[in-house]
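One structure coming up, written as structure tokens, with questions to follow.
Here the chain labels run A, B, C, D and E in written order, and each chain numbers its own residues starting at 1.
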Amino acid sequence: MAKKRNKKAHKKIGSVPGSVIYTGNKESKELFIEVFDYNHDKFLEKQLNKVEDTFDFKLNDCVSWINLNGLNHVDSIEKLGLHFNLHPLVLEDIVNISQRPKIDEYEDYIFLVLKMLYYDGDENIISEQVSFILGPNYVLSFQESEGDVFDSVRDRIRQGKGRVRTMNADYLLYILMDSIIDYYFNVIETLGYKIEDLETDIFLGNVENTINKDIRDLKKEILRVRRAIFPLREVISRIEKHDSHLIASTTKNYYRDIYDHLIQVSENIDIYREMIWSLMDMYMTTISNKMNEVMKVLTIMASIFIPLTFIAGIYGMNFDYIPELHFKYSYFILWGVMIMLFVAMLIYFKRKKWL
Amino acid sequence: MAKKRNKKAHKKIGSVPGSVIYTGNKESKELFIEVFDYNHDKFLEKQLNKVEDTFDFKLNDCVSWINLNGLNHVDSIEKLGLHFNLHPLVLEDIVNISQRPKIDEYEDYIFLVLKMLYYDGDENIISEQVSFILGPNYVLSFQESEGDVFDSVRDRIRQGKGRVRTMNADYLLYILMDSIIDYYFNVIETLGYKIEDLETDIFLGNVENTINKDIRDLKKEILRVRRAIFPLREVISRIEKHDSHLIASTTKNYYRDIYDHLIQVSENIDIYREMIWSLMDMYMTTISNKMNEVMKVLTIMASIFIPLTFIAGIYGMNFDYIPELHFKYSYFILWGVMIMLFVAMLIYFKRKKWL
Amino acid sequence: MAKKRNKKAHKKIGSVPGSVIYTGNKESKELFIEVFDYNHDKFLEKQLNKVEDTFDFKLNDCVSWINLNGLNHVDSIEKLGLHFNLHPLVLEDIVNISQRPKIDEYEDYIFLVLKMLYYDGDENIISEQVSFILGPNYVLSFQESEGDVFDSVRDRIRQGKGRVRTMNADYLLYILMDSIIDYYFNVIETLGYKIEDLETDIFLGNVENTINKDIRDLKKEILRVRRAIFPLREVISRIEKHDSHLIASTTKNYYRDIYDHLIQVSENIDIYREMIWSLMDMYMTTISNKMNEVMKVLTIMASIFIPLTFIAGIYGMNFDYIPELHFKYSYFILWGVMIMLFVAMLIYFKRKKWL
Amino acid sequence: MAKKRNKKAHKKIGSVPGSVIYTGNKESKELFIEVFDYNHDKFLEKQLNKVEDTFDFKLNDCVSWINLNGLNHVDSIEKLGLHFNLHPLVLEDIVNISQRPKIDEYEDYIFLVLKMLYYDGDENIISEQVSFILGPNYVLSFQESEGDVFDSVRDRIRQGKGRVRTMNADYLLYILMDSIIDYYFNVIETLGYKIEDLETDIFLGNVENTINKDIRDLKKEILRVRRAIFPLREVISRIEKHDSHLIASTTKNYYRDIYDHLIQVSENIDIYREMIWSLMDMYMTTISNKMNEVMKVLTIMASIFIPLTFIAGIYGMNFDYIPELHFKYSYFILWGVMIMLFVAMLIYFKRKKWL
Amino acid sequence: MAKKRNKKAHKKIGSVPGSVIYTGNKESKELFIEVFDYNHDKFLEKQLNKVEDTFDFKLNDCVSWINLNGLNHVDSIEKLGLHFNLHPLVLEDIVNISQRPKIDEYEDYIFLVLKMLYYDGDENIISEQVSFILGPNYVLSFQESEGDVFDSVRDRIRQGKGRVRTMNADYLLYILMDSIIDYYFNVIETLGYKIEDLETDIFLGNVENTINKDIRDLKKEILRVRRAIFPLREVISRIEKHDSHLIASTTKNYYRDIYDHLIQVSENIDIYREMIWSLMDMYMTTISNKMNEVMKVLTIMASIFIPLTFIAGIYGMNFDYIPELHFKYSYFILWGVMIMLFVAMLIYFKRKKWL
């Protein structure tokens, strides 16, 4: 068992630094490259599958968004890297899908890693890594596979909605990141509902051991979300403070806005985290309350019938001389006594509020 | 179910940044605009319902307080924004009622978001977002709907009480914020009483599962209050450090005073938070104490009557030769033995302090 | 009920900032003003009850300590404030007895708020607010009512003990604060004893629900003490860093000394806090241990007598043909068997260490 | 016992500072020295066992990696230290195998201590201390004994893979550290599996006391790993900020990369830590659930049969006049009643969901 | 009782600042003064009991270590203070044995307070306060009574071992502090063993209430050790940063080394602290496991014998017409049935793993 476990981790051990090794799921995905090239009055949308076809967009004077899907195509990524002059360590991080969110500032470009988060139909969180390169008038984006949260951005570029067509690549990067962060709100809202469902469950006295698993799964989910989102705060605040030709000072207002969103998401995550953590204590008290209830039933039954059984036992004894046995109404008197005892017990337990 | 849940969150996803989209309750509220225009010897109070009627107050040389109620009237707010030269992101935040408290400093105005908190008749916390724009000699305020905590401010302006009529717009903003923060004290005091009530309940041995819900509700309440109040500390301390023509250095003493109030409120919140968190442990021990009591009743009953029943069982046996059965006083002797056993047991449990 | 609760909090809501409103107990206390006026060779002690009589001490060239008792006399305090040129916000804080410890530095004086803490005869903590104004050669102090921890300071001034008569007002302020902080040690020492008493109680197996209340009361006590003492650390460290003519650099060594004391007190408070917090867990395990004991008694009684009763039941059956019933020594043999079973059980439970 | 315990700790007490005393396992290990000497076109690999044979590599103009195994050979280490001009405190730290990870910057070399971590076959963590000296064109490394995680580095040097042969000693140090940190990922991944195994165990209702030990062992393991890894973050960030001729600014990109790895490892450790800590609560609720189950069985059995036994007892009484005894169908009617009672009870417990 | 408690604390209340009042155990201890006076070739060791005899060592050109034992001799300490020009607040701190570790830097000397910690024969921690004055070429040390951890230092000075005789007073202070810190390792190692012993105890199922006390005592011990050691880190780091003629920059390497040791000790303390805190949870689960075991015994006994007793009761009834009573083999058949029931029950409980 130990052997099987270590396989995945070993696969990068001993590799040369800067090795472009894709760490994700190896099932063959098609390479798919999208290009949006635009300025105030021109607009071009292309779908390519050879990386060389994107090279001309580097130096043209429109804003270009080159969106590459399929991180398993490491050769293409390396070619792109060469053309766009990317550091080997950057390429290594792009294809390492467990890279944590970060920003690295290079001479002529900024490199960013983020996590896209969204729920699938079954309310499982899907996390996909997206890397961005912000150059003078282009944005490169790298995704593990097709499908993302950028459709509204595509629409805005195509239809010239909002400011995007009049702005530079720094604004394009901003609206891409804004789209990602908008989905974070969605994710944490769903998390909030899940917590409430679990609370209701526990409150209704559900004490089965599956609650343990549910709480634990929620804990893990929130820890995953937290790890994807929290490092991003520092990333964005670094962008705000970054002093370069790549990000105009007027665009920084917009980055400050998504920083503000991130703080709000983070606060919510920490609140949910506290709520989940204390669910366990709530669960424990519910179990104990249930046990109290069980114990009360037992105690009431035993306290009522054990003394009565004792009395019956007394008159089942075979002594030669037990005077009560021979009185005519003994049996009925005894029933009377036993019923009175029974009622007295009931009143006693009623007073103790056990009934 | 999952689908229904996600509706609200989705509504802003994909919107253009700077979109002025009201995120609150859409029921049609009337637009209601109040204007106070004053200086040392002039005073004018107006109630308007067209936003254009406020435009003249921007440049006159009195201090003007323009108080707009009804965030659902986004068109009017956008017109106002245009006239007062507000950034689209500011307008977006004004109508997003789940914006966290914050301050943004622009060239010619300061933008602030706060939460008004007060209890309604049933001791539920009401939270309403208020946004302020502080300009050179005007204050704009934006509320979701009519009704606020500013009545004492209105009176002071009308009647010239205190310093307000002799001071500039920065002082007006201060007394508005001071009014809001005064109510925070009220809110946390009520929270304190609620905690004490719950403590008393638990202490009196109330172990029902509803306590779980009450503790949980209090936890959520304090987390909500905390989230509304804590970010404000940074907001106020930024005002103090802010170096501009908009806030006079003599007015900063006053902002320092409300900062001091906020710290005091925050300290109280953290103390209450600790108290609520440890209520759960107190509840748990109370449950366990109750169970101990139940167990003692059971153990006493069983320990006393099971041995006696055994003895009775012995003499209910049908062996041909049981000598004791034939002695004349056996039955009475047995009663004596059983009563002595009974008393011995009682003494034993008395000594153990179970009785 | 809700209405009654909110009374106190409402009383300041809506008041003009800088309103001098006494928030303490309104029972009429006499105004009582003490003056100590001294230098190296002169000494004067006076007891006054009109505030105007203190005005001359402001500008004379001796060190003057003006100690005013009776915060309900707001008019007198306002007059004093006017003469000594105090900011309205300072006066507001002086009479607001729930002001947190703080320091405010003004042009020509320093304003400080502290809490005096001491235990009364019943070991309840008494907390009284003291405010100080340090001017060029005077110290004003404001107390809610007569009675304080400054008697040793009075003696030292009268008798010229120590350095006080040769030093300036900054040193006078120091020894007043030092007296207050000396009492803090007393308070936390008593807290330590209370914790130990409670520990002993729990350890001796006291599991009554009153322990819950005792732990809770101690928690609240330590939170109160903490809130009174912790903010003072920043106050003192601000004095050390304060660069003005009011505090001589040679006096700062003394302030560093009380800072050192405060750190020591704070460390102790945090240790006691941890000890109290973990008392609850200790209490919980004690309850569980007790329950274990109860359960063992029950289990031993039931395990021994239920099988024996079963055996007796067997031979109480009325079957026509039960051979054992007719053997002569059956009854005695059965007793033998039952006694052996009984002894076997005892040995079993002894081995399990339940006996 | 006390005496025996203190032996090990005493062994260094009272020693002169800078004493080179090996604190590890004293079993005699062979001294084994490896040398790699290379530049772009030359390559030399040697295995020595006399320390003097390495002296020439200090000043030659190739990059030299001198890897010494066997910290018990303190004399050889002192000789090496003398030749390479190492501070006595450095030598003391090299042979003290419980030194925490650290960096010390000296005039002409940098001294680093790290921990190599890897799992052995039985999934026990092996921790071995490695010290590095980075000089102008050499790297010295010191290991307790042979066997390490550097085989891939050796291969790369031999075969000229990657950049190593074209770079200086600072890059050599980097790939050595990178190899160590790559193994950290492996270690924490295995930790993650262990936690999941334990979770599954607890979730399946395993409540034996050995779980306690397993949780505790995992806690200790994670604390050990944490202590080995966390201080390294500061070490690496000091390298990045270090301004000297020893580390080229182009190499710092690489150190930033391993810093990034370390942060990722650290985040994972903290997440696992939280998961382990809350395992205890999960275990506790599982125990309580089990007890609930036990109690239910007992309560059901007792509640059903104790009343029935009472009824049987009634008709076992020997009163002369019990009318029911003489009716022909009494016995069968009684069976009917008892079966009905039995069924009623079953339904009752079914409704309560205890069955 | 309250009165008795407060005695000790009151003793310093109201004293003049700078009062040299010994707060330790007043039993008369002899004043004992040791002097070591040395340089590279001279060495003198003296034992004195009059403080005046040490005065000449202040200005001679050897390094002098003046070690005074007996803090109750406040007059002598005041005389020494006068001659060596020490501030009254320094003298006050020297004799106040509950002073927390600290450093105060004066014009011509540095003042340090530390705690010596070691275990006595019964593994109780002994804590003794040591104060140091570092002057230009002398070190004064003050101990409560004779007996310390400096014997190895004395030996090194006498025999000229190590660097000490060639170095200045700053190095002497270093080796004295190093000796103290070496003992800290010893103390925390023993703490580690105590924790392990307690773990084993709990793990072996020891659930008596004394465990509560043991855990609590360990908690207090670690809090005491922590309080003695943690403030020292800041003290040492202040020495490193201290820029004066008193500490040579070459000596600072040595202070950095003991800072490193302190961090290592601190990390261990925090790990042990976590381990002790979680012992309580481990104890709680052990108690609950024990209770589960007790409950199982009870439930098994009751579940097996209560139904059997019921059956026996049935055939003990005295109905005139119970057909089974008259069949010849009824009794034996019943035994068969009961044994089968018994076995079925055993199998059931075996399957549930309760047996």
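Here, a contact is a pair of C-beta atoms (placed from the backbone, for glycine too) under 8 Å apart; a residue touches a chain by one contact, two chains touch by 3 or more.
The shown structure was predicted, so the numbers you read here are calculated from the model rather than taken from an experiment.
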Shortest path length from subunit A to subunit D (each step joins two touching chains): 1
Angle, in degrees to the nearest 5, of the Cα rotation that carries subunit A onto subunit B: 70
Fraction-based call for subunit E against subunit D, same above half, different below: different
Centre distance in Å when subunit C and subunit E are each reduced to the mean of their C-alpha atoms: 26
Inter-chain centre distance, subunit A versus subunit E - centres from mean C-alpha coordinates, in Å: 43
Shared-contact residues (touching 2 or more other chains) in subunit B: 281, 284, 288, 291, 295, 298, 302, 306, 309, 313, 316-318, 322
Overall pattern in which the protein chains touch one another (line/ring/star/complete/other): ring
Cyclic chain order when read starting with subunit D and heading to subunit E: D, E, C, B, A
Residues of subunit B that touch subunit C when the two form their complex: 119, 121-123, 149, 151-152, 155-156, 161-163, 174-175, 178-179, 182-183, 185-186, 189-190, 193, 199, 202-203, 205, 253-254, 256-257, 260, 263-264, 267, 271, 274-275, 278, 281-282, 284-286, 288-289, 291-292, 295-296, 298-299, 302-303, 306-307, 309-310, 313-314, 316-322, 354
Residues of subunit B touching subunit A in the complex: 2, 5-6, 8-10, 12-18, 87, 89, 98-100, 102, 104, 207-209, 211-213, 215-216, 219-220, 223, 227, 277, 280-281, 283-284, 287-288, 290-291, 294-295, 297-298, 301-302, 305-306, 308-309, 312-313, 315-318, 322, 324-326, 328-331, 334
